[in-house]
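Below are the structure tokens for one structure; questions will follow.
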Amino acid sequence: MILTALVAAPFVLGILAWVLPGRTARRAVFMGAGLVQAVLAARVIMSPPPAEWGGALGADALGLIFLGIVTLLFALAAVYTFGYMALHRHPRRRYYVPTMLFFLGSMTLAVLSRHMGLFWVALEATTLSSATLIFFDRSERSLEAAWKYLIICSVGIALALAGTFFMAMALPQGAQGSLLLDSLLAAAPGMAPAWLKIAFLFLLVGYGTKMGLAPMHTWLPDAHSEAPSPVSALLSGALLNCAFLGILRAFQVASAAGLGEFARRPLLVLGFVSMGTAAAFLIRQPDYKRLLAYSSVEHMGILAVGIGIGGGPAVFGALLHALNHSLAKGLLFFAAGAVFLLYHTKNVSGVSGLAKRAPLVAILFTAGFLAITGTPPFGLFVSELTILLAALAGGHPWIAALFLILLAVAFAAMGAAFLEMVFGEPPDEIAPAEFRGWKAALILAPPGLLALASLFFGLYMPGRMMSLLKAASLLLGGRG
Amino acid sequence: MSSWVNAILVAVLLLDLLLSVTSRLSVLIRGFAVQAAGIAFLALLIEGFDSRHAWIVAGGTLALKAVAIPYFLNRAVIRTNARRELEPLVSYGTSLLLAALGVLLAFALAARLPMEARRAGLLIAAAAFATMITGLLLLVTRTKALTEVVGYLVLENGIFLFGLTLLGRMPLLVEMGILLDVFVGAFVMGIVVYNIHRTFDHIDVSALTTLKEDEP
Amino acid sequence: MNPEALALAAPASLLIGAAVSLACGKRSGVAAWVAILATSFAAVLGTASAANVLRSGAGWSIEAAWSLPWATFSVGMDGLSAYFLAFILALAVPAAAYGKGYLAHEGDSRWAGASWAFFQILVASMAVVVLARDGVLFLIAWEGMSVASFFLVIHDHRRPEVRSDALVYLVATHLGAAALAAMFGLWGRGAGSLAFAALQGAPLSRNVAWVLFLLALVGFGSKAGLAPFHVWLPKAHPAAPSHVSALMSGVMIKMGIYGLMRFILMSGPPPAGWGYALLGIGALSAVGGVLYALAQHDLKRLLAYHSVENVGIITMGLGAGLLARTAGLEAVAMAALCGSLLHVLNHGLFKSLLFYSGGAATQAAGTRNMERLGGLLRRMPVTGAAFLAGAAAICALPPFNGFVSEWLIYSGLFNGALQGPGAVSAVLFVTIPLLALVGGLALACFAKASGVVFLGEPRSEEAARCKEVSPWMTVPMVLTALACAGVGLAAPWALRIVAPAARELAGISSNAAWNTSLGAGPLSAVVLAGWMLLIVAGIMLGFRRLLLKGKALSEAPTWGCGYAAPTARMQYTASSFAQPLLEPLSRLMRPSLRKRRPKGIFPERASFSSHYDDPADRTIFDPAITLLERLAGALRPLQQGRLQVYLLYVLLTLVALIAWEVLA
Amino acid sequence: MTAHWWNALAVLPALLLSPLLLGIIGKTKALAAGRKGAPLLQPYRDLLRLLGKGAVYGRTATWVFRAAPAISLAAILTASLMLSAGPLAAPLAFSGDLVLFAYLLALSRFALIAGAMDTGSAFEGMGASREAAFSAFAEPAFFLVLGVLAWEEKALSLSAILGGADVASWSAKIPSLALAATALFLILLAENSRIPVDDPATHLELTMIHEVMVLDHSGPDLAFILYGSALKLWLFSAVLVSMFMFSSGPAWVSMALFLGGMFGVAVLVGVTESVMARLRLGRVPQLLGLAAVLAGLAALLLMAGGRP
């Protein structure tokens, strides 16, 4: 029942927050939800329970990794939200807490569902709940962003639904029919290859849209830059990974059907297209939240490349990268929120002298920059190196070369923006920000924790994490 | 019974063509509603009138897609005062041509696919494809936010049509979840459209291009 | 304590020191004290550990499990590591002391703690780089070194040019690290581990070995500042505070040399082609570096270009040594390799010295532009004397240390040319006049630098007001100057420190044969000549004093050749000093000149300025960056905010994938 | 090579006779111009007079200016230890001493340039700059010549590569030796500030190189500088002459040959100065380039000849 509780708790608490009057109550519920989620998820991760709902809800290694990411980021975002909303100039919105909780609930459902249809339902629910969060500002820009997000992702996900149906149609006649992952995997060898191929491509493009793979990423910079920072952190760190999980599930089935090679090629191509597109748009990017968004596109590309290379080490690296990227990107979006509160602008050129104006934010932002660009000893260095080494070990030197070049371009582009923002003299004319006291502490603690975590994973990997990653890469056809 | 199925599928196909040429939003919405109703009826026809599962799905579809969503959308039309799609990105003639080509393509695709469980035959796949293509056509060529929403819903209709062939294989909960998602999706989209109208005083989404990359 | 623990305690104590310094926050003085103490402590530990290996000749290595994929925690020490470890730590101590004095004059101490923490992290990571016996550990330490030095370079970040220069450094160092990651990956792809022991055992085909070598050349060469990967160097060194410039230029860039040497040690007997390549790229760096040094007006940039030159000389020695090794000339190889290795230490010493004294001068005057300096020797006697000593040392003038190492390299080149087989002999022969040209140009350049900055009359108010700097800065200068002379006058002793590493690189077990024919024997004659020079000079100075005793000595204005009213601005400037050298090469070096000639009978204003763009920037990197930006700009229209177009992308991707994967 | 105390005698001819070279050059020029000229021993008289004088210093000058002449002379004196004089073997000889020789001369130059820069005079700076430039251009040519000589004798000590010619291989070597000697003569002219590179007798400061550098020195300092340049001329001439010296034969013969050769070189320099005009400054690098090319050709001939 623990899985059901894990999924249901956010929804129940969300409804509770909806009906409860008063800000304090809603806040209490919000923090409570973060706590409940953290406790339950920790239990589930440390000792996975058996599947529930006839196998539709279960916790395999893959899901657990993503559950960990979602939970950690949400709990930190909940803390962060307090400080952020307290310092933000915009009016409070009653629907914020309930929608955040629905968002959390649907993401939790997505990572725990072992049924392709149920997964689809959960993922579409994340779109719907997060769209309203993007629209939080009620500005023209945020409206536009929410609109594009809603339409593009819904269309993309609709294609994924078609893909899900095609997958079912690929099942052999009389197969104990369902879209349960286990039965799909069991029946995979007998599936009709043509249908399965089409199904995989529909799922790839569909969930790829949501994941932010180029050229379907177009909504991503808009949505991430317009959403409030805690939401951006969740979108980038948690939601994109959930969509990635959808692709991984499809990949699992395709691999089980012997179509692993077929499935890897488009992943590799889309991965590199994403990395390249992101690198190009990172160059001289004038808006720092868009910069972070394009960086997410880049890193989603890296994940796709990692899976596309194939083999145990590469898949292991990709999954590790998903984890590390979430930590670093959460850190950066949290820090970017603090920067926004300090400077009231999202323009890179409007922000300078962060080191002088707010040393702690500068340290966090710097740590985030180093982490996201894969500088040791941060975790992303280990995962990017692992993918690179896997590419070379797998006999793909050109893939490795392209990978390195695109990473370097992205590094240079982000480095330019980072230097401009953190160093130099702060502009004189900006309004002073009330960035101190407990509010500031609440804003700085979550990214600080993420920075430490990212640093920690760059130097040491706990046994449970290692075993989960190994088990998950086994699920994806790696030899461990 | 098969003749009924075929008749409805042909109607769905004709509706696709209608949707692709009409400039009136009310016709668009009504066309979508009728199509959804047809699909709901198909669910019963294919799965059999004795299936409780089929009844629930058909009922849900009818209630949400054929009644509730059109109702909201119509209200949005009235509120936003946008009755016609005046400046599509391609002319209506071209639209029709594209839709017709889409139908042809749909048949070509359907013929090439090995249809498992050919309970409804080739026509159902073709109709599903054609409806999907029509939805995509609407999405790509129209500029009014509401038309986009309808385009999405038509795409969804097409996919659902596919889903009908799998009706027995899906847990009811998932089916209902899908329906609920579509409904909430349409609802949220409606809210956003309404907000667009309120903020910009129009719902012409081709004007929503503030968020872009400036050329150097 | 055993040498293993001693060696590991050195970086560990530095890291602890870094944490303590960081905790000091704004208390600059305390943080500096911590850094000085930690560095000294680490230096004692590290040199003790290194001395043990150098004396006994027995290396060690330890290996422990590490939870990161592909990684083991492997460290070890052999002659090469021991030499470099001692070198790094010994030179870090004066840099720290000097930095305390230097930073005391900088106004903003807000980040003082962090700055000293990064200083210690930089030293610690360099120590780990030379101890590492695992690719992942190596890369982590390598990047730690780069990042720490980046934060030191950006110290003066309020100046926009410092920020852009720091960016160039950051990107260059990252590209280098990427090449290294690729190199390790390609090397260890079969072994499944990046432990050096595993890499050493990996069989390499000819082509793969060459690819590895080229990657190493890019990765290590960009850190060392070998042309054309040197572009960051003349930018980063001037931007950094001078104690950092000294540490980076004197010590950190040698990590690139260490890397190349380690690579060669690990990859087994090198093919002759590598020797030729190193010789060529070394000569290019040496000649190009000194030419562009001549063209500079910025004192610290001039010193930075000289680092390119000296790294080139070191690489030439390495290349010559490898060539001699492939030709079976053990003694010759030993001469060139000992020269190369000793030049690492020597350049570290005199370049630190030059950055200490040059940095003190530019800080006191508030400008790095040599055309605004002058006459500082009178105002800063110790600093000036130190710079002159450094200048003599870097020009390889006897009896200073620079001559000893260059002499060893010359010895390798000459003997290789005389004894080597055809091609080797011819190539080495051609290299000799190139090295001589570099020597001549370096002399001209330092005659210019020391003359324009320290001698003559001050060319500006600021220069006229300069005062001698604090003992924190002068004492490290005096000590390094003495060390420069010391190595020059006790060369055979210094040779014993580098000989184990040179033996490893030359692939021989004993240097007995070499010692008598080319090594310590002739070297002691060199040293003897150095002492003789000192004695003769002493006699001449004494003789002069004797002659002048009781004679009329008077002071008068400098003879102006009949011109009655000379001003300090009429002195020969740095640009005019370099003009006769650069003018014949103007077609090669492409200066951008701006002239305003005097006009009419009573000319009012006239001006002349020259600027030499770095050729690597001009021909390689600037066009590449422009191309990249243009490419990126060309993609911008793809994202113009139209929803319908975005949806079309989704559809087209789907259709394209289906067409490619299913239909094709 | 064993060092005996009497080897120290080898430096005596250089120490004692080098100013005479200047006298000979002056006399040759005077005779060529149809004048009587100063006595041959005039340089000695000048030196003695200067040694007895006091000194005047510029107000800007520091200890660098005062120490430079002594250090410069000390470097040249040390360099002279490495050259044999006819039958007298050099006191200091070891494999690789030729590099030390060249760099000691560089040290002497550096000291003088520093002294010149210390005056703060535009003219002295100008001279220093030209001296530095032309010496830098001369350096590769000089090393090429040394390389040729080393190659010929398969040795790296000045004592070994000079004065070791033997009759048997003479004919085979003569083309490359002649080319190298020509190159060395050009370098000698440039390094010792002779026409066509520099004109020691000019009176217009703007056109001077070496002379203008030492304008401000006086008394013993100037004497050191003058003596140093005489010694330097002797050293270069000695290298040039020793290239052609035979190793065999009685000592007095080779001593006579050596001294004759030295005075011959002086006469040759005098003649060159008499018949040639000064080159435009911009052409000097080309002249030194020519020297390098000649030396390179010599090396090529040698390498081609060394292989069947």
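Every chain is named by a letter (A, B, C and D) in the order it is written, and numbering of its residues begins at 1.
Assume contacts are C-beta pairs under 8 Å (C-beta built on N, C-alpha and C of every residue); 3 or more make two chains touch, one makes a residue touch a chain.
In this text the structure is predicted, and so the values were computed from the model without any measurement.
S.K.: For the pairs C-D and B-C, output the one whose chains share more C-beta pairs in contact.
M.R.: Between the chain pairs C-D and B-C, C-D carries more contacts.
S.K.: Let me check something: if the centre of a chain is the mean of its CA atoms, which chain is farthest from subunit C?
M.R.: B
S.K.: Let me have the rounded angstrom distance from the C-alpha centre of subunit C over to the C-alpha centre of subunit D, please.
M.R.: Roughly 35 Å, centre to centre.
S.K.: Starting from the mean Cα coordinates of subunit B and subunit C, work out the distance between those two points in Å.
M.R.: Averaging C-alpha atoms per chain gives centres 69 Å apart.
S.K.: What whole-number Å value describes the gap between the mean CA coordinates of subunit A and subunit D?
M.R.: 77
S.K.: Please work out the Cα centroid separation of subunit A and subunit C, and write it as a whole number of Å.
M.R.: 43
S.K.: Would you mind listing the residues of subunit D that make contact with two or more other chains?
M.R.: Within subunit D, no residue touches at least two other chains.
S.K.: Among the residues of subunit A, which are close enough to touch at least two other chains?
M.R.: Answer for subunit A, listing residues that touch two or more other chains: 144, 147-148, 151, 155, 194, 198, 221, 281, 284.
S.K.: Which residues of subunit C are in contact with two or more other chains?
M.R.: Where subunit C meets two or more other chains at a single residue, that happens at 629, 636, 639, 641, 643, 647.
S.K.: Let me know each pair of chains that touch one another.
M.R.: Pairs satisfying the touch definition: A-B, A-C, B-C, C-D.
S.K.: List the residues on subunit D that touch subunit C in their complex, please.
M.R.: Checking each residue of subunit D against subunit C gives 51-62, 64, 67, 69-71, 73-75, 77-78, 81-82, 92, 94-97, 99-100, 102-104, 106-107, 109-110, 113-114, 116-126, 128-130, 132-144, 147, 150-151, 154, 156, 205, 215-216, 219-221, 224, 281-282, 285, 292, 296, 299, 303, 307.
S.K.: Name, in rising order, each residue of subunit A that touches subunit C in their complex.
M.R.: The contact residues of subunit A facing subunit C are 144, 147-148, 151-152, 155-156, 159, 194, 197-198, 201-202, 204-205, 208-209, 215-216, 218-219, 221, 262, 265-266, 270, 277, 279-281, 283-284, 313, 316-317, 320, 353, 355-356, 359, 370, 373, 375-377, 381-382, 385-386, 388-389, 391-393, 395, 397, 400-401, 404, 407-409, 411-412, 415-416, 419-420, 423-425, 459-463, 466.
S.K.: Would you mind writing out the residues of subunit C in touch with subunit A in their complex?
M.R.: So the residues of subunit C touching subunit A come out as 67-70, 110-111, 136, 139-140, 143-144, 147, 154, 157-158, 160, 163, 166-167, 170-171, 174-175, 178, 181-182, 184-186, 188-190, 192, 194, 628-629, 631-632, 635-636, 638-639, 641, 643, 646-647, 649-650, 652-654, 657-658, 660-662.
S.K.: Considering the complex alone, what residue numbers of subunit B touch subunit A?
M.R.: 113-117, 132, 136, 139, 145, 148-149, 152, 155-156, 158-159, 162-163, 165-166, 168-171, 173-175, 177-178, 180-181, 184-185, 188-189, 192, 195-196, 199-200, 205, 208, 210-211, 213-214, 216
S.K.: Mind listing the subunit A positions that touch subunit B in their complex?
M.R.: 54, 56, 115, 117-118, 120-121, 124-125, 127-128, 131-132, 135, 138, 140-141, 143-148, 150-151, 154-155, 158, 161-162, 165-166, 168-173, 177-179, 192, 194-195, 198, 221-222, 225-226, 281, 284, 286
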